[in-house]
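Below are structures written as structure tokens.
Each of the next two complexes has chain A plus one more chain, namely chain B in the first and chain C in the second.
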Partner chain A sequence: MSGTSMTTRAWLLLLPLLAVMVAVIGWPLADTVGLSFTDAKLVGTAGNFVGIDNYVKTISGSNFQRSLITTAEFAIISVFAEMVLGVLAALLLNQQFYGRTVLRGLMILPWALPTVVNATLWRLIYNPEYGALNAALTQIGLLDAYRSWLGEPGTALASLIVADCWKNFPLVALIALAALQAVPRDITAASLVDGAGPFSRFRFVILPYLAGPLMVALVLRTIEAFKVFDIIWVMTRGGPANSTRTLSILVYQEAFSFQRAGSGASLALIVTLLVAVLAAAYAALVRKTAGSNA
Partner chain B sequence: MERKSVLFFLFIHACALLLAAVILAPLVWLFVMSISPAADLTAKPLRWWPQAVDFSRYGVLLSSVENSAGAAFVASLINSIAVAGMATIAALGLAIPAAWAVSRTPAVGWSLYMVIATYMLPPVALAVPLYFGLSHLGLLNNVFGLALVYLTILAPFTTWLMKSGFDAIPKEIEAAAMMDGAGLFATLRIITLPLAAPVMATSALFAFLLAWDEFFYALLFTSDLRAKTLTVAIADLAGGRVSDYGLIATAGVLAALPPVAIGLIMQRALISGLTSGGVKG
Partner chain C sequence: MSALEIENIRKTYGAIETLKGIDISLDSGEFLVLLGSSGCGKSTLLNIIAGLAEASGGDVRIGGRSVLGVHPKDRDIAMVFQSYALYPNLSVRRNIGFGLEMRGVPTAEREKAVLETAKLLQIENLLDRKPGQLSGGQRQRVAIGRALVRKPQVFLFDEPLSNLDAKLRMEMRTELKRLHQMLGTTIVYVTHDQIEAMTLATRIAVMRNGRIEQLGTPEEVYDHPATLYVAGFVGSPPMNVLDGVATGEGLRLDGSDRLIALPVHFKNAVPSGKRVKIGIRPEALRLVEDDDRQPALKVAVEVVELTGPELVVTGRVGGQRVTACLPPRTKLAVGTTQAFAFDDDALHLFDAETELAFGR
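The block that comes next holds the complex of A and B.
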């Protein structure tokens, strides 16, 4: 078969997928771009062209700036904690101990738990009157009076981050464990003979094997954390006093609660752009990591 | 040296116990809440194990008495199965030919990267036009409409997994079959697709789990029992004025059972899929 006809055949096989992608992603995205230059409402009139007004108002608005900081806090702290806990758990799971197979198996459970169920579960745990966290902390004497973990601006975001980490660090651990199992035994043995301590062994012998897979996990988790909606919507809806209102929650409120489709669209595109910049920066970093290990 | 290794042995086992407790405690508590009488869950000090184990809420939620909490729950369960099932089948139907084409004809590969790049898009960037579009087609609050929207998530993802699956099947096997006179479609049917069956199964399971887990679009595009999925039903319970926390916990346990069962049974395949891509947040 000639090269040209093979390419034609390939395009024909791709066509259904590409057509559906254009219909459900390409067209809506283009439409969002169009909407972002209008003052369209969710219901009623199509809206008038207002140029870049929405963008100017959005970027200079305090709501956006505050949500951006909240999102960055959520993403940086939770992803960092997930990476550290994940690697520590993987190092542990790579040791010899009784029940290792069972414990490795259990690690899949938080990942498999639906996000909304996880959020609901932690909401019950944090319940200000009857929650298990209040009960446990007071019964062992660490807490004098019950607290409203999700109801106080000071603790709400941290409480969300704990719930998010619990669900996601086991995934990082499983990825890191798979990478650890690929470290050749004779290399670690050789480093022992050469007198490397546990920390230098981790830094110079094991970490290079972990870097690639961990970078991939880091990229994907950061993008996910930046887009976070479900867990926050179920646990706090962005409250109290907007202290957990991340960018996705802000867009939802703007476009659907306040029905300002036009300005919601401009906000959504700014978020998209931020994620794209983040992804591009990471892609460059991944290439660098991969290059230095080759 | 001997003493140090005994200490190390104890230390490792203590850490393992701690990790097991961290993973299990919230899950066990979810289950305990589901079988505790309501009075035990609001007792002070809190009762960590029910005086009398009570499985009745599972019966309540799985009953189909009209206008009961059970009827609403069962309807959302059926909607979730329908939406996730339809979206998975449609995604695989689109992904398999596309992934094979890209795997065998690298010249068209750039189109796949564009499809995969859509993973970065936050759903909020598509939500408003999709809402208008579905409303225009009369597909708001409709399981078919929601399954269609889920293709935005499932199709790029399954194509990516399937492509790496096809990459692992040597071209030469296909070439040999064609040399023996088999046509393209006969070759695919007899040689390639059976060899790709395991990766197809893994992709289908991943796709189903993603759809089962989805919340944002379901929250926006469904409004009552005709299309509401489990995730929305559970969020309603959690955010509403349900006074029995045990009932919320029971709904959570039931919604978690299918993915947890899939996770435990398919562990090996899922982990190899996860490590080759690192997916689902």
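The block that comes next holds the complex of A and C.
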């Protein structure tokens, strides 16, 4: 068979899938792009063409800027904490001790929980009247009176970050543990004979093996954290006083609560673009990691 | 003073005993090869000496000091691993100097030592490369350099040449021998390759099932194997082992009515009627005209293989397989029966039950 007819055939075989992708991804995306240039409401009129008005207003608006900062705060702090906790947990679970297998299994649990369940659980823990956190802190004397952790702008975001870390550090731990097990035994043994202490061993021997997988985990978790919606929606709905209103919450409010479909679409596309940049970084990283292993 | 003493070392994993009481004493400058097939416990023993595994009983002394419970870094040893175990993200220079760096040796001194070692191993042009940019042979040199640079009391080698191809393995073997002769270091070297053992060792410990079958110089192990296992393990092709029985008149091979005269030095050692294993090395056999003046095997020739330096002949004596290594230009036809003679000294006798060699 000639090269040309092979190519034709390949395209023919790909066509059904391409059609599905255009239908479920391409068309909604194109529709959203179209919508973002209008002043359409969620219900009622189709809206008028307003050019890049929505984008200009969105980017220059204080809501967007504040949400961007809140999102960045949430993503950077929670992902950093997850990485540190995850690596520490992996180092611990990589030691030989009795009950290790059970503990490894248990560690997955928070991550395996549905986010809504996790969020509800932490709402109970943070409850200002009967929450476990208040009880524990007052009993050990760190707190005089019960506080509304999720009800005060000063503590709401931090409380969310703790809940998100608890749920997501096991994923990092899992990836790190897999990487740790790929460290050749001989190299660890060689470093022992060479006299490397725990810190030198981590830095010179173990970290090089962890770096690649951890970078992948870092970018994946950053993308996830950047898009965060469900845990916040269940716990604070972006409040109090918009102190936990991340970009995804803002998009939701704009498009559905305030029913401004046009400007909501423009906002959604900006978020998509930001996430796409992170995704591109991820792709580049995976290529680099694959290349360095070859 | 002994550089290394191993006293009644035992190791158990649950109910399984992998080392059953090992005793070795090694003088300074000796090259000890622990030889055995996989699972014999040789690597476990090496790891115990290194401090990478704990002994279940017994003692290890390096330079007269018991090192049980002492951290590997404080044992005054260096180790070379089969997989080279180089740090992939560090340059060759830092790999070699890593042990010194971790011990806080000043940079200038370290640099000097690394350069000296690199020159010795002819890898000074590779110092700025990463291990990933080196060939297998170069990596092994770096791994050896990393051990040499620290000038420890004892060097431990764990099958260091097994990952190299045949040609490189021979080169590195010679290189190791040269280094040992030049530096006079004390070495414990684990391998399953009997040629490596024969060529490198000043002493060989042949191990099997957690025990030492024989501890001796290469000549002793080759010329006077203490057990049937050692006889079969050392030498290539392996020693011919024929079943037979000792009678008052001599040795009678199973399936053959021909008698082999019992060499004088065995006369009192082997009781009449005893079942024996008769060992003769392939290279000890030579083709002769058939007469009864000398001990000889009548072999029905089945296969003749020219390897280049020698002609390997395989055949049968009364149903038992025999191999002989002859000079390469020997004329020999498949299907004929030939007489192969051997000297009295070349005959080894083992008790068929205990598999121990009969004394001479």
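Just so it is clear, the second predicted complex is superposed on the first by the 263 of 294 C-alpha atoms of A that agree within 3 Å, B and C clash if a C-alpha of one lies under 4 Å from a C-alpha of the other, contacts with A are read in each partner's own complex, and residues count from 1 in each chain.
Quick note on the criterion: a contact is a pair of C-beta atoms (placed from the backbone, for glycine too) under 8 Å apart; a residue touches a chain by one contact, two chains touch by 3 or more.
Values in this document were obtained by computation on a predicted structure and should not be read as measured data.
Shared-chain residue A:208: touches chain C; no touch with chain B.
Legend: residue contacts after superposition of the two complexes on their common chain; A:186 is shown touching chain C, with no touch to chain B. Look at A:197: by the touch rule set out above, it reaches chain C but stays clear of chain B.
Legend: residue contacts after superposition of the two complexes on their common chain; A:216 is shown touching chain B, with no touch to chain C. Between chain B and chain C, it is B that contacts the larger number of residues in chain A. Put simply, chain A touches chain C in their complex at residues 184, 186-187, 189-197, 200, 204-205, 208.
Considering their complex, residues 9, 12-13, 15-16, 19-20, 22-24, 26-27, 29-30, 33, 41-42, 44-46, 93-95, 97-98, 100-102, 104-105, 107-108, 111, 115, 118-133, 148-149, 151-152, 155-156, 159, 184, 209, 212-213, 215-216, 219-220, 230-231, 234-235, 237-239, 245, 248-249, 252, 255-256, 259-260, 262-264, 267, 270-272, 274-275, 277-281 of chain B touch chain A. The touching residues of chain A, when paired with chain B in their complex, are 3, 6-7, 9-11, 13-14, 16-18, 20-21, 24-25, 27-29, 31-32, 35, 42, 89, 92, 95-100, 103, 105-117, 119-125, 127, 129-130, 132, 135-136, 138-139, 166, 168, 170-171, 174-175, 178-179, 213, 216-217, 220-221, 223-227, 229-230, 233-234, 237, 247-248, 251-252, 255-256, 261, 264-265, 268-269, 271-272, 275-276, 279. Those residues of chain C whose C-beta lies close enough to touch chain A in the complex are 47, 50-52, 71-73, 77-79, 81-90, 98-99, 102-103, 146.
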